[in-house]
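Below, each structure is written out as structure tokens.
The two complexes that follow have chain A in common; it is paired with chain B in the first and with chain C in the second.
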Partner chain A sequence: MKKFLPLIVFALLCIVPFFGLSTYVMHILILVLIWSVIGMGWNILGGYTGQVSFGHAAFFGMGAYAAGLLYQHLGISAWWGLPVCVLILTALSLIVGYICLRLRGAYFALATLALGEICRVAAENLVDFTKGNMGIMLRERTWVDKTWYFYIILLIAAGTYILIKMVMESKLGYYFVAIREDQDAAESLGINTTFYKTISLCISGVLTGIAGAYYMNYMGYIDPSTVFPLSEVSIATVVVVMVGGAATYWGPIVGAVIMVFLAEEIRSIPFIGAAHQTIFGIILILIIMFLPNGIVGDFRKLIKPLSRAKRECHHEFN
Partner chain B sequence: MAQLELFLQTLISGFLLGGLYALIALGMALIMGVMRVINLAHGDFMMIAMYIAYWLFTFFGIDPYVSVFIAAPAMFLFGLGIQKYLLTPVMKVDSILPHNQVILTVGLAMVFSNLATVFFTGDYRSTPVSYASSAWYLTDFWKNSPVELSLSMPWTLSFIIAVMITIALWIFLTKTDTGKSIRATSQDLDAALLMGVNVNWVRMVTFGIGLVLVAVAGCLFLPIYYLYPALGKQFTNIGFVIAVIGGMGSTDGAIIGGLILGIFESMTATYIGMGWAPAGRFSIFVAALVFLPGGVASILRKRRLGK
Partner chain C sequence: MSLIEVRNVSKQFGGLAALTDVSFVLNKGEILGLIGPNGAGKTTMFNVINGFYPPTKGDVLLKGEKVSNLKPHVLCKLGVARTFQVVKPLQRMSTLDNVIASAFIRTKSKAQAEEISMEVLKFTNLYEDRMFISKGLPLGKRKRLEIARALATKPEIILLDESFAGLNPTEINEQIEIVNKIRTDKGITILIIEHHMRVIMSISDRIVVLSYGQKIAEGTPLEIGRNPVVIEAYLGEAHNA
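Let's turn to the complex of A and B:
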């Protein structure tokens, strides 16, 4: 059963558009899938390799701007952003990796935090190139209906899931986990830690960038404050993965489902809506304190009280 | 001559700004040294202290420089509480990721800045103190000086208080038992434990002192800056940029790094343009990462060892 779970979920999602759901529900499902891809991308670097990034908005926004600028300056379809952003983000990841992954400790977290801000400042100030705070708008949409958008992001998400599973079951995945567990030990076993951390960053950055390029095509409009913000993208990514469970296959997906639905619900409540950041912050703090490995990672811990209660019920009845 | 005047003026204002930056970075460096945690809510704690000082000024007419003595102890107690009930428990929690405490401070930052927006709205506020625009001139002291320089009065006052606080901190760290325990814990945690240092207590005090320093910086910034809920992020950035320039967890490095960043930002603002100050800040950050990953502290250490 467990072996076929991904296939069952995929098959169920494939037939979802045939149920004639409203556009709003389809939009929410697409958002969940986008966040799953970003979360899975973050997870390979933050969860499996142990290099926590606070600047994934940089990769997301870079992907989105790659698609948008291709359309803006070259006049070609923004869908070309998906393949092109792979090149751009690999280059960016190599540069970032060279600068800060050779250092230990908190440098990487700080450097990514700065990277996100640098990208936002650059996108705001390079008005001639990025149109600054005006943002970029696609004047014609590919489809009016959301069905095809849904299938494309579903394919991207499924591909991401398979890629991560393949990587983590290969030698590469074992290197990543070894680096997370003990960098000195990994190095003494002959693993070039800087190199493999950079590989992990490349995979992570490219996946996040693809999600960004898709976002540009799907939403049709971006500006620096929607794709490069610290709390709405960078930190939200960390929250999604932490809630679901870092270093688990299903964590980012579960986290994305919970956080997207929660965000939609909270924002619709009149007075509490303005304080949704507070609620996310409190959720993050509570998760770190009581379920540090997330819902998926600490699933046993979560169901233990339940199953114990069930057992006690049985005892009473017997 | 006008060029020279402009340069000297920029240098001096950068120096004054750097003194205040150093105070923010000192708190961050202390916390980083003892707990190996980057406090990414540092700027937001400063924002809270600034709101305390602001409301004291608005309702009771207390001068921001006087409210240092109210905001700082309040933040000290707040820091003890946060360390005891949030950060220390997380340290014991068994988890995959090593950076849990850092992520916790990110959560705190989100909560604080959002709550401030909800309760105090996003308005820009400032305290209209009577001496806000008064200044000292070099010609007041030296009649025939070749160059004319002016020093803003609140900037100078803030700088002098910042220097006094820094000296007080230095005395505390070198002369008192608690201060020595803090330095011991930051040098070698296990050795400090073996010498009978109550490490949990030291951690609480350090976090409290870190917040005191940033609260003082907030009160000193209030007469010369404006206040809004999202201000914390900017000062957190400044704090960690200085931490990297100075060397992670080094207090000497934090002071020098603060002065470097203050002068550098002042120079970019004068010679390139105000909007590029953040870009300048991050370019010096990247330069430090590439060319001097150990920060200023690594140079200091080398000299001390006589290599």
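Let's turn to the complex of A and C:
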């Protein structure tokens, strides 16, 4: 059963568009899938390799801008951004990795934090190239209906899931986890830690960038404050993965479902809605205190009291 | 034939001279003991040989080639494996996965890495514990896991840093047997740091003694046991008592 779970989920998602759901629900589902891809990308670096990044907005935004600028300057379809951003983000990851991955722990996290902010400020100020705060708008959308957008991001998400599963069950995966657990030990076991950390960053960055390029195509409009922000992308990514469960296959997906739905719910509450960031912060603190491995990682711990409570009020439910 | 030659190595940390002008040779097939009082520079010597620190002066030669400035992972590929005094298991991985991660250095296929690991785990009597998370193993087994991981990289030389410290007598005997088997069955050359006198005297072919970062003696266990300089620096009080 557990083995077929991914297939079942995929099959269910494949038939979702036939249910005739409202555009709004479809939009939410697409957002969940985008966040799943970003989360899975972050998870490779932050969860499995143990290099926590607070700057994934840089990769997301670069992907989005790669797509947007191709359209803006060359006049070709923004969908070209998907393949092109692979090249751009590999290059960016190599540069960032060369500079930052000699740093360990908190210092690496701080360097990535700076990276995200540098990208945002650059995008705001290079007005001739990026249009600055005016942002980039696609003058025509590819489809009016959301069905095809949904299938494309579903394919991207499924591909990401399969890629991560393959990576984690190979030599690379063992090396990533070894680096997370003890860098000195890993080094003495013949693992070139800097090299493998850079590979991890490349995979992570490219996946996040693809999500960004897709976002450009889907939303049709980007500006620096929507694709490069610290709290709404960089931190939100960390929250999604931590809530769902770092270093688990399903963690980022579960985290994305919860966080996107919560965000929508909280935002619709009058007065409190504006404070949804604060509420996310509180949720993160609670999760770190009580479920340090996230909902998927600590699933047993989570259902234990629930199943006990169920047993106790068994007759009530029947 | 000398596998490793340490040639006039000095290592300074700021104003502190951890090693001063140390030279010795590790011959193929032997077990060489490295002893000395606390703070004598034994682990620093390991870190220099293993590539964690470059020496301030002098050179380390592996089969006649200079390797002083190579990184640990490169040295590991060249056949130098080590264990750590303070054990460094890959905590949240199972015992088996710990060993598989090290076995990947010689192969790309997971099946092959697993095969190597199973053999090594049986060799080190850890086979029964292979599915346990390594964090939860008792110290004796974690020390053996260090050895298992080093063996999985298929080394020519293995550096053992206090693999006997903190073990009970039964575990010590078991460990001695394993170390001897590493040489006889696998033909691996061993450089070992040890405080446990009974172990080091019975196990090594030759012993190098360090004190305050300098080599003060070198010889067979019998010669070292009788050497007045060594007794003064290291065994002094124990000898008189």
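In the analysis below, the second predicted complex is superposed on the first by the 306 of 318 C-alpha atoms of A that agree within 3 Å, B and C clash if a C-alpha of one lies under 4 Å from a C-alpha of the other, contacts with A are read in each partner's own complex, and residues count from 1 in each chain.
We adopt the following convention: a residue touches a chain if its C-beta (ideal position, glycine included) is under 8 Å from a C-beta of that chain, and two chains touch if they have at least 3 such contacts.
Because the structure is predicted, anything quoted here is derived from the model rather than measured.
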Figure out whether A:L230 sits in contact with chain B (first) or chain C (second), or with both, or with neither. first
I'd like to know which partner A:Y175 touches here: chain B for first, chain C for second, both or neither. second
Which holds for A:L189: it touches chain B only (first), chain C only (second), both, or neither? second
Which partner reaches more residues of chain A (counting touched residues only), chain B or chain C: B
If we count contacts the way the header does, which residues on chain B are in touch with chain A in the complex? 32, 36, 38, 40, 86, 89-90, 93-100, 102-104, 106-111, 113-115, 117-118, 233, 237, 240-241, 243-244, 248, 275-276, 278-279, 282, 285-286, 289-290, 293
For a test of understanding, state which residues of chain C touch chain A in their complex under the given definition. 50, 52, 71-74, 76-77, 81-82, 84, 88-93, 97, 100-102, 104-105, 108, 110, 113, 149, 153
Residue ranges of chain A in contact with chain B within the complex: 46-47, 50, 52, 54, 99-100, 103, 105-107, 109-111, 113-114, 117-118, 121-122, 125, 180, 230-231, 235, 238, 242, 246-247, 274-278, 280-282, 284-285, 288-289, 292-293, 297
Could you list, by residue number, the parts of chain A that touch chain C in their complex? 169-171, 174-175, 177-178, 181-182, 184-193
